[in-house]
Amino acid sequence: MSRKAAATRRRAWAATRYHVIGLVTSLLFIAPIAWSMLVSFKSTTEAARPPLPPWPVEGFTTQSYENLAQYGVGIWTYAGNSLSVAAATVVVTVFISLLAGYGFSRFQFPLKNALFVLIISTVMIPFQSILTPLFLILTRLGLQNTLPGIVLIYVTLHLPFSIFMMRNAFDAVPKEIEDAARVDGASVFLMLRRVMLPLVLPGVATVAIFAFLASWNEFLAALILLTDQRKYTLPVMMAAVRSGQFGTIDWGAVQSGVMLMMAPCLGLFLLLQRYYIRGLTAGAVK
Amino acid sequence: MIQGTPPQPHTPRRRGSRLRRKQLVGLLFVAPAVLLVLVFFLAPLCMAFWMSLHNWPLLGRPRFIGLANYEALMVDQRFWGAMRFTAYYTVIVTIAIFAVAFPLALFVERARPLTKLYRTAIFLPVVVGFGSASLLWSWLMNVDVGLFSPLAYRLGLTEKPVNLLATFDTTFWSIVVMVVWKTAGFNMIILLTGLQGISSEVQEAARMDGASGRQRFFRITLPLMRRTIALALILSVAGSVLAFDQFYIIADGGPQNSTVTAVYWIFSQSFVSFRLGYGAAMSMVLLAILVTISVVQLRLLRTPEGA
Amino acid sequence: MKGLKAAVLALAATCASVGGAMAQQKLTMWSRSSSEAFMPALVKAFNASHKTQIDLQIVPNTEMVQKYAISAAGGSAPDLLSLDLVYTPAFAASGQLEDLTDLVKGFPFYESLSKAHLGAGTYDGRIYGTPMSADASVMLWNKRLFKQAGLDPEKGPTNWAEIEEYAGKVNAIGGDIRGFYFSGACGGCNAFTFMPLVWASGGEILVDGGKRATLNTPQMRDAAALYRGLVAKGYVPESARTDPGANFFGGFATDRIGMSPIGAFAIGNLVKNYPKVEFGVAFLPGKTGGKASFAGGDNFVVTAGRKNLPAVREFLTFVYSLEGQTMLAKLGSLPTRSDIAAEAVKSLDERYLVATEAMKIGRTPSSPVYNDIINSSTGPWKQMLNEIFFGNDVEGSLIKAEKTMQSIIDTSGK
């Protein structure tokens, strides 16, 4: 009886310890984000003082967001740029990697392995080291300082991971399904769209979420390749906000900008967590 | 080299036009991807090398100067200073991330109530971009309006608010903390995958044989995790060597240019001083170092499990 | 696939809508963020009264040179540019700028255009840059705090001993009041505000037509000692040490700073946005008196080969008219035409008079590698300043920076 009670107590103690550690750790990791979010709802004058306590003492206000909205040509232009760049990157990446993944998984053709290795090995080479020639090539193509130009670069950056993902996804689909469809006389493209696509959708989701996050957050290439202020993406614009206007920094505006940049990432992750983690672990297991 | 190479002689012959058509379709499927990689990766890579042999101003005519850029680079104190700093940062931050991520992975390994929540919370900073994270921390680290130094001051830990960006050590360690915060979740998940890959039967068998938790960890878990640990370290190293955003946004390379990383210096030489040829030469050196690291690491990964 | 292509094309079309394709009628122009107070208003006034239209864009200070050079190399540079005058030689040397010699010399008031601007705008005997906006460095002091500290609120410092004394007295008020503010991690700001202290004491930074750097001089060591003293005695807020210039003006605007060396742009800005701050304007003094100023501001330059000189003349004529000059002055720039300067600032705050005087004695260092040696955030000047203000080895830092600067100057010639 007493031994049983002792065991129960030990288990309760272990559980408590586990959850205390878990909660504290979780709070530590969330705190900076939460803190910043609270400060973004302070008034401009209050945001210029240390955030102790973090919540707005003088009442919630969206003043910082309103100030932010007026930066440059208006923050929505930049948010729109970021969104269209990210969306276009997602669409093009998914499209190209879907085709290539299918091609590498289901077809035999000359140089197949060489091409696959070529694409995958680009992951070893940091794009930072080829930014200058990239800039010159974009110039030659008339794509320098354009959003499509930067989209093409982002797509290329994501190809190794995406094609790897998609080839594996197609590899996992049993050949029999295709054979059955082929007997029905479906063309290659029709088969890809009608039969295969639904089966590899989880892979597509993984590719899409990675492409979105990376292109939404990318800073260096955008900083260099976009010179027209109307085409800045959010990270580039926010760096400018952070560097001050009229020789002063509006910290409230910085916080609200950070929120604006983080919100889609956090939302998307919380919604599609499964696919994101899958992408990570797929890379880790192979 | 790759583009337009005719089918090699040893590919299957005389299998009818359907097969050849199928080959063509396969090529067509991968063509867009290959084209992009050629235009936006291989071509710039070759071009970068070509540029590194020139005095290539942003405006005006490039002039061929052979290996002069590389010679200048050999004695460029500031370049090697940036390389040294990058190496130092990479080593420290990789160890720091691992030291935090591994215990976390062990902690969240076994599913209990709320474990999922903890995992998600720890992982959240990963999906935030380095740009936003840097902006956020540049505020947290600010001496007047930030969190850390005013808090420490009010708690009586310091005599006056300390400007964290004023000395190398405080700047450096603050940024290390930020990077750990931002990437520990990522490494935790990678390591978690490895942990979960160890079959529970092996652990159970060891427990039956009377192995203590400690013994099981060092004799079974750790050896079986070798590949995963190597992978986690590799990813950290690769990311850290290329660090730029946090040092550019938070520290502006300061104080006194002591936190200028390799990529930062290349950026500065190429796009502030407009010495594109010189920047390209430095990129080539950085590239050579990175490829070497990758190759060594791939070797490490290839060694059979547990060997 | 078709849908996608259409989408990409549509995206491309929306993005490519900005451009200088419409020749004379619509010109694009960039200006840096420190001119945000007056350039948009000036351009708006011009557009309202002219057929030629200018589409103005504001670019962050720190990114201006980089963005312009990159867009120029990429063929997407704006037609017109209000360019920090110190960069005019660099861009002129690279053949990027249109020769404006005949146009500028054709103005009847050519002789009274700011000499500092034209000096920096002249390369190889030809004029590539002509004054757009002007800013001279001056010393601002807070009258309310001076009064509170028992000082004469109407008298600014006239030598370094007074700077230290006044800063100390204001600092003694206590609380979060500090005596002095400067951006300690900003090369450009301190070229503007610290260099004149050296000049006013007889020192030089660049000699032999910009070919030789002279940093390790007695005057520089003295000036460093002044700032070190202010820092050591706690007269300067801790945050100044790492301010990359983002808070260059913000420090003084808080109304908690006794004195700050700053530009004339601050006058208009304070009057307009911080009416509560009572301040006076003085010259930047030398060690034992004297005065000096950095004549800064922007040169107006034209991207080469755009064939738009008639429109350019139209715009410049407007800028140099009494209306244009008055407008600039009212919104925060100094007049750039000395013959009507007094008239342009007549209706304004009398504090502008000190600034216009400062502009007249103002100097501008000229070098094609100005960005590399002075303004660059990874450059030797910025690093040296931070070391000599806050570090331990003043002389060592000066010697090291001088060597680095000289090697940059020497390599650039090759």
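As written, the chains take the letters A, B and C, and residue 1 is the first residue of each chain.
Rule of thumb we're sticking to: a contact is a pair of C-beta atoms (placed from the backbone, for glycine too) under 8 Å apart; a residue touches a chain by one contact, two chains touch by 3 or more.
Model, not experiment: these values are computed from the prediction.
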Most widely separated chain from chain B, with each centre as the mean of CA atoms: C
Top chain pair, ranked by number of contacting C-beta pairs: A-B
Length of the line joining the C-alpha centres of chain A and chain B, rounded to whole Å: 16
Distance between chain centroids, defined by C-alpha means - chain B, chain C (Å): 39
Set of chain A residues in contact with two or more other chains: 136, 224, 242
Contacts with two or more other chains, residues of chain C listed in rising order: 70, 73, 244
Where chain B touches two or more other chains, by residue: 142, 144, 271
Residues of chain C defined as touching chain A within the complex: 1, 4, 7-8, 11-12, 15-16, 18, 33-34, 36-37, 57-63, 67-68, 70-71, 73-76, 244-250, 253, 266, 269, 273
Contacting residues of chain B [partner chain A, same complex]: 2, 5-8, 11, 22-30, 32-34, 36-37, 39-45, 47-48, 51, 104, 107-108, 112, 114-115, 117-118, 120-125, 127-132, 135-140, 142, 144-147, 150-151, 154, 181, 184-186, 189-190, 193-194, 197, 228, 231, 241-242, 244-245, 249, 263, 266-267, 270-271, 276, 279-280, 283-284, 286-287, 290-291, 294
Residue ranges of chain C in contact with chain B within the complex: 65-66, 69-70, 72-73, 91, 94-96, 185, 237-239, 241-242, 244, 371-372, 376-378, 382-383, 386-387, 390-391, 414
Residues of chain A touching chain C in the complex: 72, 84, 88, 91-92, 95, 135-136, 138-139, 144-148, 151, 224, 227-231, 240, 242-249
Chain B partner contacts - residues on chain A that touch it in the complex: 15, 18-19, 21-23, 25-30, 32-33, 35-36, 39, 47-52, 96-97, 99-100, 102-104, 106-112, 114-115, 118-119, 122, 124-134, 136-137, 152-153, 155-156, 159, 163, 188, 213, 216-220, 224, 235, 238-239, 242, 251, 254-255, 257-258, 261-262, 265-266, 268-270, 273, 276-277, 280-281, 284-285
